[in-house]
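Scrolling down, you'll hit the structures one after another.
In the two complexes below, chain A is the common chain; its partner is chain B in one and chain C in the other.
Coming up: the complex of A and B.
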């Protein structure tokens, strides 16, 4: 029973970070800052969701699968954001400065 | 590194075990699946040995890296969420250059990906060991942070920070 509550709290917290990432994506001024919002908020958001779901997982392998997904998303997120930022630099996209 | 050492028994064994573990996770330990699993694991082991030279991991440092990474991920998530929700969007972005002390190779790739996941930093380009980093807040002490994580990665892969960055 307690694990279900903990799991629910983690899932909601994860969703809040996803929301933060999306709001950052919409509000931040240029491509580089938007990538910050996506990578950092989604990394933590997905991490919380994975822990939350692992608490309800039926087996160790199921929890392991969720953890593998998190690792792959981290790898993909970091690599893809690097490539998008590099492509933007090469195209001469000016970075927004205050 | 000599090409001969690539196919060393300890490297092959540890990678075989790692891929077997992943297969076990993916199939929920279904016994029948090993008919496909064992050939797949062997192929994956050979491919990985061919593509990635052996790495010497210092396990004590790897274990120490995990809580550090989790803590910094949490900080990074909160930091960017705060800035996204804040009415004034308090950011002062800038593009800075950081001369890497790690030599090219797997540890360097690992470092660059880690920097992109750390709070306030995003790698944008690597050229002659000069890493271009986009920082969300130019006032933050990003240089000390990158130096610290570079040292951690070097200790984890037991490599030296000899590269003086952009020397060539």
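Coming up: the complex of A and C.
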């Protein structure tokens, strides 16, 4: 029972991070800050959701697979956001200044 | 419990409308790049919908091929279109002729689409309202198929024809691309340290995932096409990070791998015909090993074909052959 509550709290917390990341993606002024919001918040959000789901996982192997998915998303997300930012910089997209 | 069911309904309805909206964006965006991105998102949403419909096999294929590799193909085509649109002024077709040709080019597909859509509508209306389908027949014959995943049993055993034809279609698509594709090498770009490291880390993992999907396909969602798509993605990543095929492998070895799937399929089909009298009728005792061999070779061929489609032009020294 307790694990279910902890899991629910973690899942909701993860969803809030996703929401924050999405709001950042929509509201931030330039591509670099948007990437920042998206990758930081979503990586953490996915981490919380993975932990929340692992608590309910039927076996250790299933939890391990969830954890591997998180690692892969971390790796891919960080690299891809770097590549997008680099491409934007090469294309001459200016940094946003207040 | 009631509230949970309602929440799921709301989620499904949102998914459905989201899918329609993305389809609209993909078709009617003025910006081609937006269309492509909408199409990729469409594929991802479609994959989620397949999961909701309890069809994880289709969801895997949709996510890997529909959203992933088709998206990569579209983006590659988009990148190749760019220089042509900048210096495309020197086209020899005069504007009058071009506009009438454009008109024809628009109406012809529209008519074909209308024809297909009306045919599909008639087919759907003609369906019996409560069909049992072939589910019971598949489950009752599952033990003879050599695998315990009903989807793999249908694809590789009961309806092996379809899979053979799909692999041949993929090969034909590559032949078409090679015939019209220019052999102009794509623009060289430095991959940079991050992409280089990413490719070194991810490609071994992708190969392992591909092997896993292939192996697990016998008793759970997975199989040759999903495994091939993941292998193809590894190839695309290698190409993007500046890796090249060893020159000695560009000619015959590459063609052998590309055609191995179709060839193995046909050879096994003919062998089974000689043994059991029916084309592609696997003897139940050997079905399991035959399906494994077929899937392994098919995965390799599908993966290499998809990566070759992404490159879009035949390897440079292919003309010397």
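Convention: the second predicted complex is superposed on the first by the 98 of 98 C-alpha atoms of A that agree within 3 Å, B and C clash if a C-alpha of one lies under 4 Å from a C-alpha of the other, contacts with A are read in each partner's own complex, and residues count from 1 in each chain.
The rule is simple: a residue touches a chain if its C-beta (ideal position, glycine included) is under 8 Å from a C-beta of that chain, and two chains touch if they have at least 3 such contacts.
Just so you know, these numbers come straight off a predicted model, no measurement behind them.
**Q** Identify which of chain B and chain C touches the larger number of residues of chain A.
**A** It is B that touches the greater number of chain A residues.
**Q** Based on the superposed arrangement, let me know which partner A:72 touches: chain B (first), chain C (second), both, or neither?
**A** Only chain C; A:72 stays clear of chain B.
**Q** With the two structures laid over each other on chain A, which partner does A:86 touch: chain B (first), chain C (second), both, or neither?
**A** both
**Q** Look at A:94 in the shared chain and tell me whether it touches chain B only, chain C only, both, or neither; answer first, second, both or neither.
**A** Touch status of A:94: no partner.
**Q** Which partner does A:27 contact after superposing on A: first (chain B), second (chain C), both, neither?
**A** Touch status of A:27: first partner only.
**Q** Do any residues of chain A touch both chain B and chain C, and if so, which are they?
**A** Overlap of chain B and chain C footprints on chain A: residues 75, 79, 82, 86.
**Q** For chain A, which residues count as touching chain C in their complex?
**A** On the chain A side, the touching residues are 72, 75-76, 79, 82-83, 86.
**Q** Can you name the residues of chain C that touch chain A in the complex?
**A** 192, 194-195, 197-198, 201-202, 205
**Q** In their shared complex, at which residues does chain B touch chain A?
**A** Of all residues in chain B, those touching chain A are 22, 24-29, 70, 73-74, 76-81, 83-85, 89, 91-95, 112-114, 116-117, 119-120, 122-125, 132, 134, 136.
**Q** Spell out the part of chain A that touches chain B in their complex, as residue ranges.
**A** For this pair, the touching residues of chain A are 16-17, 20-21, 23-24, 27-30, 32-33, 35-37, 39-41, 43-45, 47, 59, 61-62, 64-65, 68, 74-75, 77-79, 81-82, 85-86, 88-89, 95-98.
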